[in-house]
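Take a look at these structures.
Two complexes are shown next, each including subunit A; its partner changes from subunit B in the first to subunit C in the second.
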Partner chain A sequence: MADVVTKSSDPVFTPMPSRPAPVGQRGVIHWFKTRLFYSPASTIFTLVTLYLLYSIAAPFYDWAVTNAVWEASTRRECFDKNMNGACWAGVIHWFDSYLYGRFPVSERWRANLGGILLILWALPIWLPRVSNKATVLTTMVVVYPFLAVFLFLGGDWPLVPRAFAMLGVSFLIVNWCSAILSMTTARNLAQHLGGWFGLADKHPSTLLYPMVALHAVLTALAVVVSYSFTLPYVETGSWGGLFLTFVIAISSSLFAFPIGILLALGRRSDMPVVRISCTTFIEVVRSMPLVTLLFMVIVLLPLFMPAGTQFNKLMQALIGLSLFTAVYLAEVVRSGMQAIPEGQYEAASALGFGYWRATYLVIMPQALKTMTPVLVTHFIGNLKDTTLVSIIGMYDLLGMLNVSGQNPEWNGLYQEPLLFGTVLFFVLCYFMSLYGRHLEKRGSGVSGGI
Partner chain B sequence: MPSETNAMNITRPDRPHIASIATDHIVVKMTDVNKWYGGFHVLRDVSLAVTKGERIVLCGPSGSGKTTLIRCINRLEEHQFGEIVVNGARLDGNVKNIDKVRAGVGMVFQGFNLFSHLTVLENCTLAPLWIRKMPEAKANALAMRFLERVRIPEQAHKYPAQLSGGQQQRVAIARALCMDPNILLFDEPTSALDPEMVSEVLDVMVELAESGITMLCVTHEMGFARRVADRIIFMDGGEIVEQAPPQEFFERPKMDRTKLFLSQIVGH
Partner chain C sequence: MNTNTLEPTALDGRGRPPQRDTVRYFYDKKVRSIVVQLALATCILLAIYYLGTNVSRNLNAIGMVTGFDFLWSAAGFDISWTLIPYSASDSLARVYLVGILNTLLVSALSIVGATVMGTLIGIMRLSRNWLVSTVARAYVEIIRNTPALLQIVFWFGGIFVLLPKPKQSLDLFGLGLFPINNRGFYMPRPIASDLFWVCVCGFFLAVLAAIAMGRFAKHRQLVTGKRPVILPYQLLVIVGLPVALFYLTGKPLDWQVPELKGFNMAGGWSLPPAFLAVLCGLSFYQAASVAELVRAGIQAVPRGQAEAATALGFKPNRVMRLVVLPQALRTIIPSLISIWLNVIKESSLAVAIGFPELITVFMVTSIEQGGHAIEKVAMVMAFYTSVSLIVAGILNAYNRRLLAGGRRNG
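Our next item is the complex of A and B:
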């Protein structure tokens, strides 16, 4: 590091300020000269490249901007206005469908609310001094999905599943109270409650009891309230568009996470049966193209289930994608764990920790921290892989982009929607990878958090 | 058994209780322990009895099996033949016994092995909280007491990577002490340290030795051995070659291998 600093013209060790470079060796012109026109060959190469770029960009610009049609109610009308331009009117007409698929217009607020709740749920993870981040993260994986399905699917829910969904409401409220308390008073809700009930001098696990009671009360209240309204049933077949893409990408990532960790542990296990079956599973799934796996889940899964079982394509796609992601995650987790020195296990064992607690308390926290950037990369990949479900007849974003061109009024409208989809995916993935890079830079820091 | 008689014969004027050894004071008893790594015979018929409060220094050339021997005592390594009884619990496949032994045996490693994602204080309280099920306030107080004893209470909220090697090793000692062990194992605790940090760790160890805890210590710090050891055990080729109180060991070694080893150390 220090080498690099001193080699560049940075005046790090010299007290004298560095003199400006001679005129002609700095500035824009200098930059062009040294990088693009530093020799006859480079000059020719630069010019040819510029010409090629221009010959592609100019017609594209004409098509996408100059001749574009922004207002029309059918593709024919677009053509009538300008044959040589993009028909953005179509994309605008279909915009809402690209986002929600055939989700009934009057119910789309539920999809939005679900997304907002997820963001709210996750937010404390990024706040400083929040001491219940682990709970926030675990409940996001274990509890939030029930609430989300309750919202998205609607319909009449029996008491027990309804209680699970409403547990989500309870956790959202409690997690936030706890996060705010721990930011302002350095003690979280469990510790405050424990103090009031005189549990402070007991083992930390007794702090759970008041929390459980609190959740029970809040959940019961939420259940009572939830009976006062009914959300119309929206079958998963009419979920679609970007909404479905998010549902699939996020839930398969969430499901894949615990499966991946278990597979990784299994692959490192001392028990031959566990190790061999995990290794085989990982290798088999890894050597299969995702499309094949998806078709297998659709075609083969019904054969193993009792006859007459109703199959939900979304469920099947989720199973396929989760398994696919899980085996890749398993390899990431395994390499993350391999980076943890043997001494950490030994120190934990010497203190009396068994395998599971050593893994949970000592190994995993360190391994996960080194893995975060790779995990983000995987989740980006997962978001893109999701588009493959359109092949098995689901209308995710890609599926919807293709649907518009099959509509009689918009027949043949393919280029514009696909371009729109490309830009949308690029923006989503680019921001995720920026975030991944940011994490990578912070990765060496000592404090936890994401 | 030679080792036992040896242990019984030790008399030191400054520690008279060592002389009055009865079998029930034996906290570690190894009988004909043998261990192989694949085809390689690391421990050969090792028999050793350690009495309560005894301070033992193990030394010997590299590869002689010292690390393996003390790691067998808390079952970080499994022996294949012979018997090891620690604090009355026999080390065999029984998981309960292993837990019991580890609860009473603390270990300090050459490479510190602190948990890098936890602060110094959290390193010390992790086991009391999760294994002893201690209330948090009590665990913190306990940890602070031992951090004071190893003279680094002010570093409690730093992470291991922010400490010097000597400080890290002292944290490791405090972490082991927090579980209130009656036996402490040290595997070359100072050999990964820069020379100027060796003494700060040795000072802590000398203090510990004076507190009456049973210690088994692999070290090449002969000054330390001379000062605190009740018995020095010399190993070579997986065998206990010779054991004697320090004075006798350094001044009248019996075996040629010991003499050779000592001459190399002194010449070094």
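Our next item is the complex of A and C:
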């Protein structure tokens, strides 16, 4: 648009401030008139809805608040205090079990620490001007799980897996240093290190060498330190509660991610064998309920594996859920890839990119970015679906909520724990869905992209 | 690849420097694709072979034979609630049938419930009335952000099981006909005698007559421009004819009302608490999805359509019925059908509260009792896959018709 030259002496048009709306057109009463009582029918609807709300809310309030019992050591005691109220004392008594299951009390800090580390790990993604977000995200998917399993499981680890776990410590430190440096100096750690070692004018890939050396040193240090203490072994059978729900939901999403992307690529492939096998797999799994898949993994996997293979229920549940999530994810990724203009593929191949490079550097970043809100929705779905592992006898949050009612002292305590679980799930999922909607409204993925 | 030699290199036919044959073949797209496909096919076949040998070795070790002969052996376990007569001595094939029928019944009722409730809530969400739309929105948010399984378990353990004992049954609708207690929900059972088929035929005849009246009214409207009022007559025929026949044939229908006998109810039809829990859980859960779908579908119809219809003098309900809804349905129906499919799949959650649907009876109980896991799992998979295929077929047919219709209407 051409610039309009304005002389300082020209009169400038300033509109008069608009007058406030007439008294009858604003304020609370007007709102009531236009939104609740604008016609005879609407008045009736409003009153009926109010009455229905009252007839549900009033007894519920009496049960949940007025008559509720907050302190008791058994359900009988709750009844003795007040027959008609909720026995929140039971929920309070079992609260820690709902969060951690039968995880030993003295070791629960490890579960907490694992969660805090994950949040710490992911935090740079939301910070502005951080240039190593791709590394942060990739390492979160590939490296963090080892560290988490090391923490949660404990026990004596051989050197190589231990080194993998400690690589996590190294990456956490390096990622944060790099993020802080790139926020303050606009150059990340790799570039700084490269500068110090005189690699700045060399090929960019040489910047990798000092980073690898740094990771090697840090990992070695961490391994040495890690030998100075041993975490008591906590078998996966005693993981439980919200902690287990999170472990399953997050790790099955992580496992599902690469599988889903590969399946999506396979389904869009030109090669008939690849396309047909991927499509068949996706469609067959999609046609089945998750329960079937979980039972299949529990019942059939031992039959399909060599005799004597040891099975871990957590592992089996993860396999089932990951496959289930992966096929749905594949469809999400596929639709994301379909939304990318043909020109992007053509431009990439004109630049001489092969299939994998074009996919990794051009197509996937854009597809994933546009699909981020849908991915959030899928994670919520996955978190909700995790409750199904209680059907195959695992003690996730729902499993624990049912356990408390079977305890002799709290026999029949079902309503209160289930209500508590509902509220907990609602809070978790609702805020995540708000975040998803926020991303959708902004029209892009995580700030600055992946 | 970069050569630093300065001599001019001869180019091959495609304008590229010559390469060693092996390298060229490796970079040939066609060769590559064949290699990759062969490799994948080999991997899949090897995996199948590996798993197959494992299975046969494992089955041999426990002395099991594969095959579907087991279907005709006696099941040996009871099923708490069946639609068709069943006893423990019946065959496993019948167990499969019982499971499918139970799954289909609970799914069908849940589909009806979810669709009716969801449509209502979806329309409520669009209401100008703040309270009504907020209540609908709160419903959708609460339901969608909590797991379906948790809701079903809550309906079961938190509501239906805690109802009073049969002696203190609650009387639904206050008619004395629909008692509900912790053993389930009861309703009168119709017992038709000989001539009842006359009434049924009368009903179908009346429906045909009503359709004919509708055709006639449409014809009149096209010819004269005025639509005759026929709704009262249609209702009169549909209700009147069967009722008249009912009395003429001497009331050939008896009701067996559920009554308290000893500690339990007897007579009538009954639905166990687990059934009710699945029904309510699924209906309420999927109603939220249906509501969102209906809202989105109606909002997707451009505003101008409704405004234009209003400008043409259509009354609000006709604007909705003749202009907005037909267009909204085009976007709503395909997704609605996939929600229905989801209901059928999610009815499998009933296994958590022990309602005897397909998975409970055929995948859990019967595998625990008699093995044959592979065949049974395959049969369960076959059921769900064929349901999905049928639904996909319906969807495709609908979309094709929609496209054809769109072209016809210009």
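The rule is simple: the second predicted complex is superposed on the first by the 430 of 450 C-alpha atoms of A that agree within 3 Å, B and C clash if a C-alpha of one lies under 4 Å from a C-alpha of the other, contacts with A are read in each partner's own complex, and residues count from 1 in each chain.
Heads up, the rule we're going with is that a residue touches a chain if its C-beta (ideal position, glycine included) is under 8 Å from a C-beta of that chain, and two chains touch if they have at least 3 such contacts.
Only a predicted model underlies this, so the values are computations on that prediction, with no experimental measurement involved.
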Quiz item: When the two structures are overlaid on chain A, which partner does A:357 contact: first (subunit B), second (subunit C), both, or neither?
Solution: first
Exercise. In the three-chain superposition, say which chain, subunit B or subunit C, touches more residues of subunit A.
Key: C
Quiz item: Of the partners subunit B and subunit C, which touch A:192 in the superposed model: first, second, both, neither?
Solution: neither
Quiz item: Which partner does A:268 contact after superposing on A: first (subunit B), second (subunit C), both, neither?
Solution: neither
Exercise. Once the structures are superposed on A, label A:201 by its partner contacts, choosing first (subunit B), second (subunit C), both or neither.
Key: first
Quiz item: Touch check for A:347: first (subunit B), second (subunit C), both, or neither?
Solution: first
Quiz prompt | Partner chain in contact with A:365 - subunit B first, subunit C second, else both or neither | solution = first
Quiz prompt | Residues of subunit A that lie at the interface with subunit B and also at the interface with subunit C | solution = none
Quiz item: Tell me, which parts of subunit B touch subunit A in their complex?
Solution: 74, 76, 99, 102-103, 105-107, 109, 111, 113-117, 126-127, 129-131, 133-138, 159, 161-162, 172, 175-176, 179
Exercise. Mind listing the subunit C positions that touch subunit A in their complex?
Key: 33, 36-37, 40-41, 44, 51, 54-55, 57-59, 61, 127-132, 135, 141-142, 144-151, 153-154, 157-158, 161-162, 345-346, 348-349, 351-352, 359, 363-364, 367, 373-374, 377, 380-381, 384-385, 387-389
Practice problem: Would you tell me which residues of subunit A are touching subunit C in their complex? | Solution: 35-36, 38, 42, 45-46, 49-50, 53, 270-274, 277, 283-284, 286-292, 295-296, 299-300, 302-307, 380, 384-388, 390-391, 398, 402, 405, 414-415, 418-419, 421-422, 425-426, 429-430, 433
Quiz item: In the complex of these two chains, what residues of subunit A are touching subunit B?
Solution: 200-205, 341, 343-344, 346-354, 357, 361-362, 365-366, 369, 446, 448
